[in-house]
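Chain lettering (A, B, C and D) follows the sequence in which the chains are written, and residue indices restart at 1 in each chain.
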C-alpha cells in the first residue's frame, strides 16, 4: 500500500507541531502517601514535521502510549518524548497530559476525612534537553478585604481557583505545591466539614481577608524563595459572589 | 436526483424527534424597556418522523429559520412550530432556543449602571396545541445561615445560580421572572458596584442568610401565588465557597 | 452548637431533591474482561426534604460516599440509596454518577490494540423500589446515504455520538450495550488503525450508508427484541462534516 | 470610606495582569457587507499593578466598557486600552474579546442562503505602542488523502476547525481572513445545502484530499505572501470520523 505520508512536499513549510489531540486515557501517577494512584488523563502528543515530508504517522503516537501500559509520570515523561522523536524521526516532541489528582484531606477540627480533587497538568517538550512544566489547579476560598473594612458586619467571600505552573531542578511533589497554595488563601476548601469545622473555616477566612492580588503575591513570594523552582507563573481567579464575572490576577517570573 | 429520504422504511419504528441541533443564530427578542434586543441563540429544531419514511429533510429546518429573518419571540414561536409541522409533513414539532439576555441594572446605592446577562431558554412543542416553557438562569448571592449562627464573626457566602422554568396562561416578561428570583436571595448580583454599594450588598446578605433550600422555597411560594403560572420548576445551585462541589435543591409543581 | 437545619419550616413546601452536586471522585467499577477497573466519576446525590424541615445535612452525603471506599457498582447502587434515605431520614433518594469507561479494542484487520473511552452514567432513584437507568455514550462513524446516492464519487461521512439509556430486569454489561451500538453504525470508531485497517473502515462505511434516523432505528430494533430491557431511549447526534451544526434523532420506548 | 486598594504593599511583587474576567456583553462590530453587526462578547480586561499598591479598582473596568456604549471594534480597541491605562494609572493594559460573527453565505450550486457563524477574538496589549492580534475560528471539511488512496471506494472525511491568528499593518476584514481559510480546505462548510449542493461539496472534497498538515501549510503559504500580515499562527484540528480523538497541526511565523 502506498505511504502517502512519506511523499515529498514542495511547499517549503516546516510544521511546528503535528499529532494527536484529546485522547482520553487511564494512567497511573505517583502518590506521596499511597505510592501510586490511578486516574484518567486527557492527552495531546505532537512532533515537528520538516518541510520535505507530506505527513506524519498518527497511529504511532497511540502505539507509544499503549506501550507504556498506562504508567505515566514525571520520571518517564522524558523517556516517552524521546521515543516520540525516534519513532517519528522528528527533531522535537511535545506531550501534554491533564488529569484529576486526589488527596485525602482531614477537616480542620473534627479530622473528618474526605477526598479533594485537584486538576493537574504535565507539559513537556524535548528538542535537545527536556523542558518540563507542572501545572496544578487548586480551589481556594477568598474573603474581600475591602468588603470587610467598609461593612458593619459580614464580608463577601467566594470560591476561587489558583493555577500555578512551575519549572524545577529536581522532582516536585504535587502534594507540596498544593499545600503551598492552600496555605496562601483566606481559607482552604474541604470535601467534608462538620459544624465545628464550618465555624473554624468561616472565622479563619474572616480573619484573613485577601484580594486576588494578595493570593498571587503570597504564592509568588514562596515560589521565589524556593531554590528548586527555576520559573513560575501564578494565576488566581475569584468567582465573585457579588458579581457575575471573575476577579483575576497573574504573575510570572523567570528566576535564572 | 433521487430523494432517498422519501424512500419507504420497513423497520416499523416511529421516530419521536429528528432534526438539526446546535445552530448558532443571531435573533431579535422583545425587551420590556427598549422594545427589542439583538442577541445570539443556540437553536435545536425537531419534528417526528412516522415509521414509513426513511428520513426527514434537514435543510428545510434552516430555511424556515432564515425566513423568519432572525425575529424570534414567544409570540411567533407557535407560528414557527406550525410551519415546521407543515413543511416537513409532521405530526409534532419542537424547538428550543437558548440565548443570553441583557438587562440594565443600577447599583443599589450609587445607582451606577451596568448590564447584567441572564441565560434564557424558550422551549416549545406543538402537536395539537402549543406547549411553551420559559427557562431563565439567574445568578444570585447566598449566605449560609448555619455558618452565620455558629461563627463568632463572618459567614461563608457564594455565588449561586437559580434556574426557573414556567408554563403560563398569557405572556410573561423575562424581566418580571428575573426580578422575582433576584428578590428571593440573600443578595442580588451586580455588574458594577462602587464602595457604598459593596457595603450595602455585604450587609444585606449578612442580614438575610439563606440555605439553597430557602431559595427554592421562596421562589416556589411566589410562583404558586401567581395565577398566570400553570406549572413551574425551580432549581438552585450554590457554588459553595468552603467546598469544591455545589449544594443543590429542586422543586417542581403542576398547579392545575 | 445550634442545628439550624433541624429548625421547623413554615412555608409548607416539600422539596423534591436536595443534596450535593458535582463531586469528583475516584471509583472502581466492574469490568467484563478484567474484573474491575478504576476510573473517576462526577457524582450528584439528592434526597427529598419534607415541608416541616428547614434544611438537609449536606456533609452526610459525602460521608456515605467515603464509607463505600470508592467501590461503586450497579450492584451496590441500591445499598447506597438506602443508606441515603436512612441517614438523612428521607422518603426518596437519588444518585447520578458519570464516568469514563475504557475497553481494549482491536483494529479490524491488523488486530492492533488500543483503549476506547465510553462515557457512562448510572442514575438511580429509590422510593419504595429502586429505579435504575444505565446511560452509555458511544462514538460512531456515519456515512450519508443521500450524499452517496447523488454523487459520482465519494460520500460525506463524520463522527457521531449515540446516547442509549436503558431500564432492565437483571444486570447488564456495559460492554454488551456498547457492542450493540457499534454494530449499528456505518462503521465503528477505533483508537489505533494501521493502513490496512483504515482501508477496511473506509470501505465498510461506504458500503453501509446510514442516516441519523437509521442509526436510532437499528438500535431501537435490537433493544425491542431484548426481553431483559424494559425501557429504552436512543439518541444519535451526527457532527455533520458539511455543516457547522448536528443532525439529531431520538426514539424512546416503554415496553411494559 | 477607607480605600484599601490604595494601601501600600510591602511584598515587593509587581503583578503582570489584574482585572476582570468573563464579562458577557453585547457589542457592535464592523461588518464588510452590512456596515455593522450586533453580537455578544465574552470580555477580559487587565492592567499591570506596580509592587507598591495593594490592589486595583475593579469597578473601573466595567465603567470603561459601559462608556463605550457597546461599540467595540479594531479601530477603537487602542482607545479603550489607553483609557484603561489612564483611569487605572497603569503602565500596561490588555483586553481580550471573543464573539460569534455571522456571515451570509450562499450554497455553491443553488445559491440558497444561510448564516454561518465564526468565532472571532480580538486581543490587544498596550504598553508604549499597541499590539493587536485577530483570531478567527473557521469550520472546514477535510478528506483524508491516505484513506482515498488505499481504499477501493470512498474516503473518510470529517469536520475540522482552523484557528488563525494574525498581527497586521493596517485593518484586516474578518471576511477576507475567513475566505482565505475556507478556500484552503477539502471543501467548505455551509448552513443550508440542497441536494445539488450536497453533490457538489461531496465531489469537491473527494477531488481535494488534504491532511491536517496540508491545511496549515496552504494557509501559511497564503499568509506568508500577504505583505500586510507581520506575524501569524495557524492551527488545524480534524475531528477524525474514524477515531475518537483529533488530528492536529500547528505552524507559527514571525515575518519581520
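Convention: contacts are C-beta pairs under 8 Å (C-beta built on N, C-alpha and C of every residue); 3 or more make two chains touch, one makes a residue touch a chain.
Model, not experiment: these values are computed from the prediction.
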Any chain that touches chain B and chain A: C, D
Chains in simultaneous contact with chain B and chain C: A, D
Farthest chain (mean CA position) relative to chain A: B
A-D compared against A-C, more contacting pairs: A-D
Where chain A and chain C are represented by their mean Cα positions, the distance between them in whole Å: 28
Inter-centroid spacing, chain D versus chain C (mean Cα positions, whole Å): 34
Separation of mean Cα positions, chain D and chain A [Å, integer]: 25
Multi-partner residues of chain C (at least 2 other chains): 1, 23-24, 117, 146, 150, 191, 193, 195, 199, 244-245
Chain C to chain B touching residues, read off their complex: 1-2, 4-5, 9, 11, 13-24, 44, 46, 49, 54-56, 58, 145-146, 149-150, 211-214, 216-218, 220-221, 237, 244-252
Complex interface listing, chain D residues touching chain B: 1, 3, 23-26, 37-40, 59, 62-63, 66, 100, 102, 112-115, 117, 191-196, 199
Interfacial residue positions of chain C with respect to chain D in the complex: 116-117, 139, 141, 143-144, 146-147, 150-159, 187, 189-191, 193, 195, 198-199, 201-203, 205-206, 239-245
